[in-house]
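We just call them A, B, C, D, E and F in the order they show up, numbering each chain from 1.
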Amino acid sequence: MKNSRRSFIKIAGLAALGIGSKPVLNAFAMAEEHGAGAKAATHVGEKALAAKQWGMVIDTRKLEKESDFAPIIAACHDAHNVPNMKEKRHEIKWIWQEDYKHVFAEMESKYLNERVEKLPLLVLCNHCENPSCVRACPTQATFKRADGIVMMDFHRCIGCRFCMAACPYGSRSFNFQDPRPFIDSKKFNPEFPTRMRGVVEKCNFCSERLAVGKLPACVEASKGAIVFGDLEDPASDVRKMLKSNYTIRRKPALGTSPAVYYIV
Amino acid sequence: MADLPKAAELIKIDHKPKAKGWMETPVNIRPGMYCYAANPKSLDYMGFPNVREWNPLDQDWKLPNNWKEILFEGIRERLGRFRSFKIFMDICVRCGACADKCHFFIGTGDPKNMPVLRAELLRSVYRNDFTMAGKILGKIAGARPMTLDVLKEWWYYFFQCTECRRCSVFCPYGIDTAEITIMGRELLNLLGLNIDWIATPVANCFRMGNHLGIQPHAFKDMLDFFEDDIEELTGLRMGVQYNKKGADILFITPSGDVFADPGTYTCMGYMMLFYYLKQEYGLDVTWSTYASEGGNFGFFTSHETMKRLNAKMYAEAKRLGVKWILGGECGHMWRVITQYMDTMNGPADFLEVPKNPITGTVFENARSTKMVHISEFTADLIRHKKLRLDPSRNDNLKVTFHDSCNPSRGMGLLDEPRYVIQNVCNNFCDMPPNTIRENTFCCGSGSGLNAGENMEQRMAGGLPRANAVKYVQEKHGVNMLATICAVDRAALPDLMKYWVPGVAVTGLHELVANALILPGEKERETDLRQEPLPGMEDGTDE
Amino acid sequence: MKITTLLQQQRTAILKKWFDSVADAYPLETSRFLKTQQDPFANPVGNAMTSGLEGLLEEFAKGAEREKLIRLLDPIIRIRAVQDFSPSQAVGFIFNLKKIIRDFINNIANAQVAQDDLARLEAEIDAAGLLAFDIYMGCRERLYDIKANQERTKVFKAFKRAGLVTEPSEDDPGLTVSNIS
Amino acid sequence: MNVHYLFSLIAVVALCLIAFVGVEWLGLQALFGVVLPYAAVLTFVVAFWYRVWSWARSPVPFRIPTTCGQQKSLPWINAAKIDNPTTTGAVIVRMLLEIFCFRSLFRNTHMSFHETGTGVRITYRWEIWLWVFAMAFHYSFLVVLLRHMRFFFEPVPMVIQLLENLDSFFRIEWMSSVVGIGLPGVFVSGLVLLAAVTFLFLRRLLSPKIRYISLAADYFPLFLIMAIALTGIMMRYFLKTDIVGVKSLVWGLVTLQPALPETVGSLFYVHLFLVTVLLVYFPFSKLMHMGGVFLSPTRNLTTDTRARRHVNPWNYPVKVHTYEEYEDDFREKMIDAGLPVEKEQE
Amino acid sequence: MNDKKWIIAGLLLFTVVVLSPVLWNAFKTPTPPEPVLSAKAKAAGYCVLAKDQMKAGHMQILDVWRDAVVRQGERVYKSTNGKEFNMSLSSGENSCIGCHTSKVEFCDKCHNYTSVRPYCWDCHNAPKEAM
Amino acid sequence: MLELAVKGSKKYWLLVLALAGVAGIGFLVYLKQFSFGLGITGLSRDVTWGFYIAQFTFLVGVAAGGVMVVLPYYLHDYKKFGKITILGEFLAVAAISMCLMFIIADLGQPMRALNVLLYPTPRSMLFWDMIVLNGYLFLNIFVGWIVLEAERNGVAPPKWVKPFIFLSIPWAFGIHTVTAWLYCGLPGRGFWLTAILAPRFLASAFASGPAFLILLCFLIRKFTKFDPGKEAIQTVAKIVTYALIANVFFFVCEVFVAMYSNIPEHLTHLQYLFFGIHGHGVLVPWMWLAMILLVLAIVLLVNPNTRANETTLGIACAMLFAGAWIDKGLGLIAGGFVPNPFHQVNEYVPTPMEAMITIGVWAAGFLVLTILYKIAVGVKEEVTV
């Protein structure tokens, strides 16, 4: 960042020509501030939560009834202005409910425990440690942040949907049309942007909430059924949960190493 | 001063002068690249100003004292009269698209032969004395004062342009260097600076009706001689008519066809065609000794001179009371007819709209000039199957066609001659596409530069054309170059001799006459050139 | 080292030098015009020579055949014969090659070359130069032949056939063919 | 050596400095922002009229179009209707093709020599780059010009907005440590203009033929336009200026109620001054080809001169050698040769 | 050949086109936009940068911000006067639209005046206002 | 040479106008897609790629197939192909143009297409695909044009195009290999996850591209004065035969692995395509038709008599082309996405609008092809007069 700052100052002299006829010196000072200089002044908020690899443990034992799922899904979708598309084909979902036999289809078992056979599960982006979607993206519009969150940069996505083909979990949705008419204006969250047509979207582990020290919306709404924390931190809640419970991850054979664990 | 330069280095220094722009490079008039100065007698006869003996190689050109005034007055007058001149002086952006389109530049490599620079020779002076920018900014605006050196440069390079207009095809603004050359030559004529190959034919033509100065009785004698040749060949006499009042059609062809091989064979071709039409369809064609020249070297002198020479065509047609005029194969003759004649000497309301009485075709495109090109006429006849033809008589020929500059870029006469050739010959192929039709290359000798003393210039200028002929010679075994221009027929044989030995030159109607089966002719054993017809080689071998 | 090996190894460099020396021989204006760029042969005059010189050098490297030399030299000389050259300029460029090769041997390649080998090559170059002169003269003769004959073949032949060639009389206001020279 | 371009470069740099110094140090905003633009537009229009009118005053005595294709002659021969136009409609099409598609330049070829087994062969390669860049230059210039109309109209016309949308169709958003481009959206036309003008300059500089024929007057407009494009691009993407201020200045000019905003930077005045210079320079230079191309008599006339008579307004009688004079000269010989004569010899 | 009338027509057309902005607008009243500051913004009395600088360069700051927020996770901006801002174009505490509450009154005025149509609003800001 | 494209008979202009018209209609429909979004297509959350990408994949094959006439001519100096290499190259140009148009049509945010260049991402196969496709387009235009122009001028092509020619040969293999890698590198898509996908693509390319070229040669011979030569066509036919056999062989290998190993991940997709699962099977008749066409084509091509007979050869080539088109242009992409990662079946059927855009792109591609072939054939006619 220091380098970039210096190189910017070099052209700041020229910048004097541009802004304000009289206050040449001001312009210098200003060039420092905005443009690339502005970067120096940006930082992570004080209350922000940090981690090396965010992860999640979903305790399916605590999520059984429809009424357990609905508030969680609603909390997420409302917080992120996820539209409710009329056509199933164009469905957009960040977190949703799916049967065990579909989620863990490859763990097919002929004679399954009765509970598990009909077990509803929450599915969302796995924020894999080794995400194939990030590999596929030709513009780095989807990328892995330092804290392990697999992010979407909606400003940069070209809508090629390569990431959707690459995602083995079906976690990604595409805006086949303008989503805004399908957002319930009563539930609209003005603090979170909507998306435009033609970009891919998915769960972002509530990075906007983590930045202000809040846990993800689904975690908050789950009444303890979902535990969230740093997988790399042995003292974190998630690690404790993982230590004390048998958990499984989706399609481990693919080597993507999901960060979402299920206690079945 | 430690090391004296070595001899080799000194020579090198001599060879590499400090590079200067073209404006600072004086002209170097070189033998072989220019034509002799005009004979004063010729200029005098025409009443041109500032007549005198002078030699281009001399330092002193014996100019009148007020030559600059004369010149500037001439420029001013022409700027007021010709929008083309004025616009072409003003709007060139020097994009250079014309540069390698000029046959003289390709052949000589002399940068001042790039059309743009040729025009700049004049433009630079125009800017200096006729535009505000030039007057204020001078050299920066590309202006330079008129000097004797500049005048010599004009003379040298305006007589190194054949006014072929190839550059104009490519110019994004349609700037026509020919127009600029024409103006340049007009201006030079104000100072008596013409070349003899132009001035003398002009004088001849003015007085005797044709460039060669063939007097009427001689003209007839020459055609009589062709009659003898044809009789020998076919057993028939053509019965050419001269100055006949009340004929259907007046026929005018360049006098080059009457006196110079291989044009003479073309001339015989016309005679045979007219004989055929007379016998078969009763068409009455007359020749004229007064208007015995289709070509117009006045065009290479000045607009006024062009008009003075051209006036004879309509005058003679009127006097003879013909219905319309038929024109022979010529290049600049047709440019004059197409673009100037009607304007200068028309309207020709005493003539009828040309109608081919044999086919009934009305030549709508010649509705106003009342003058039809013979290849249009013949093509029409062939199309209506009015001619009995035996193309196999031309089977010893592999023919290609040279589009002459003026008919192609001045009127667009491209397909008619090809149609005729393809109907009278069995072997025809075109030269490469960028060298034919509107892209055709000049023979290098047009616009009055067909002299002997400038042979190097002509050979260099004809290089692109010759090169294309060579290509088809090597590829398809072409041995005959057909053309519809008398200057071409005079110039191309020399060019072929130098660059493409083995290719002869012919006019279109020589080929037609070879194939044409005349009523009552005896079996032909030779072609018009008295060379054995294909299949007759043994018979004539005695 | 064999001289042919040298020629093959240093082909590009020798060619470049040879081109330059040819460009020097152009008339001032064109020469200067050529010098302003890396490839001196983007100009039509020089353009014709590029591959010609290359072919010649190849021939020398292989041991020149007379027929092939003529074929290579003819198009170059034929153009130069009608362009702005003195005879020495038109054919002299061939001899430049001798000095260039010697320079290469002495200064650049620092190679030991058998004297008789070099002498053989120089003899070949001389022979090529003489051939070029033959071609040049052939072209010029052809040119003068055309010049000299054009009036006879065209005008006089026709006139003579018609029995029309007469001396012009002084007071005749008409001008006759003899003026068109 | 050719110093033409150096001279022109210095001239353009000097012009930039004049505006910069004038505004930055001398405070001559009113001069550069109001007086000169008005004067320039006036000069441009008046001088343009003057130049075109000076052409129009000269008549077109002869119809001398260049025919670039088969003539209309016999009904069964396919005529090149556009390249050899015989009707006014076809001439209009020909002119439109010339003006909007640079038809003639499109034909451009490049000549070169080749050695073949049997000698030298001259070949002609289709040379498209001059055409491509000329088209790119003129059209991007036009688009840039029209785009600037957003400063001249309030509300901004829909067509201009549409044009802006098309021009900025491709989002070039690129954030790096040194420069960030994203907002405002990148207009492709500006970049194309700069690229094309650079090509045209490099062509003049690097091609020896073109360099040889180039004058200072050829480099100057190139540098001028290059500088205009550069200052514009700098203002838009990097150094920024207050465009609300710019619009209020321009709006003041077009409503004839000039007012000077305070927050507009000197770079803008440099940009404006260069445009001013271009406007003044235009009618006195080769840039007048814009008007001239419409009047070019080799392109804007029908080729049916043989079918329709063209009148020369100054056609004057000339001295000709009449048939009577001719017969007087040669009557005797004509009679001897058996040629008919008008007057028998006495 | 009488083409002068055509030439004059062409010249007139040319003149009208060249002078069209003046002909169209002459003597109209200048209408410089006056963005309305919300009570909140007025009360605050400061912004991320000085007014002039914001006028000319706010888009660059937004560019930098969106990259920093999305890709670096940096969401706080500290201006030279030590104030901290929430780097968000959407409404929210201490964000752009949080303070300049009305896009119509604040942003659109100048944007419309200068024919700037940023696509920010495709995603940011409230859907009802965008519609 | 472009002037050859603007001088043509009425028939030629009719064809050009018709193609331009269809392309224009396609473009208008595309404008609808542009303003509404990809929702007008039959694509869904589960089948995110459809017709567009399938056409793209197939056409990359057609483009790569051109190398089958370029390679023997330039590497093995097989003179008979001298007349048709340019046809192969220009076919590649047209096919690649279509590919690029299909990619643009498939993007949700086409105006951001330049991001691929602005943020080059070497780990993404799509980035490499962009490079190879554009590179191949450039190489073919460039090489084709220069060689053709030299031929027209009757001179040898300049020496410096040789490296480009040689480069274009491996490059042709490259485009289809990278295109295959788009698919076969994705975890969790069992149908594509096979190392033989690239070879299979190449084999099908070298069958369908040259087969199409043979059909084009027949058309050219019928409508112009240029004859590509019977012997050249027969040699191409042999190449087609072997490539087709290889293609079918590779496919059999795939089927064997899936069936014999009986791994559901790999098997279900084939089951879906050829038998349907859970009552879904829109593609079943198509896939069987493709198989029948390909087998029949093999029969006709392998038999020397039917191969030598130009009528049956033409039929075989048409069947092959149609079969390969169904195989790649319908089955391959949809088959990869159905069933979805949750083993649910959501089928894909293109919508009429999607089909219209597709047809529009094909028309635009054929327009390019028509113009390029007009030029090429024009030169050939000129040279062989």
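As a working rule, a residue touches a chain if its C-beta (ideal position, glycine included) is under 8 Å from a C-beta of that chain, and two chains touch if they have at least 3 such contacts.
Bear in mind that the values here come from a model prediction, so they are computed numbers and not experimental data.
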Chains in contact with chain E and with chain F: which ones?
A, D
Counting C-beta pairs in contact, does B-D beat A-F or the other way around?
B-D
Looking at Cα centroids only, farthest away from chain E lies chain C
From chain B, which chain is the farthest off, judged by mean CA positions?
A
Compute per-chain Cα centres, compare each with the mean of all protein Cα atoms, and return the closest chain.
D
So what's the Cα centroid distance for chain B and chain C, whole Å?
31
How many angstrom lie between the CA centroids of chain C and chain F, rounded to a whole number?
54
Can you compute the centre-to-centre distance for chain C and chain E, using the mean CA position of each chain? Integer Å is fine.
72
Between chain B and chain E, centroid-to-centroid distance (C-alpha), Å:
68
Would you pick out the residues of chain F that each touch at least 2 other chains?
112-113, 115, 118-119, 153-154
Residues within chain E bordering two or more other chains
52, 56-57, 60, 64, 66, 119
Tell me, which residues of chain B touch at least two other chains?
19, 22, 100, 106, 111, 207-208, 215, 221, 432, 463, 471
Any idea which chain A residues touch chain E in the complex?
18-20, 26, 29-30, 33-36, 38-39, 41-46, 48, 143, 145-147, 151, 153-155, 180, 183, 185, 188, 190-196, 207-208, 211-212
Which part of chain C faces chain D closely enough to touch in the complex?
33-34, 36-37, 42-44, 47-48, 50-52, 54-55, 71, 74-76, 79
Of all residues in chain E, which touch chain A in the complex?
49-50, 52-53, 56-57, 60-61, 64-66, 68, 70-80, 87-92, 95, 97, 119, 122-128, 130-131
Quick one: in the complex, what on chain E touches chain D?
1, 3-4, 7-8, 10-11, 14-15, 18-19, 21-22, 24-33, 52, 55-57, 59-60, 62-64, 66-67, 110, 112-120
Touch list for chain B against partner chain D, complex
19, 21-22, 47, 79-87, 90-97, 99-101, 106, 111, 114, 116-117, 120, 131-133, 139-142, 165, 168-176, 179, 206-209, 215-217, 220-221, 242-245, 289-290, 303-304, 307-308, 311-312, 315-316, 319, 337-340, 342-344, 346-347, 361, 363-369, 371, 376, 379-380, 383, 408-416, 419, 432, 434-435, 437-439, 463-464, 467-468, 470-471, 474
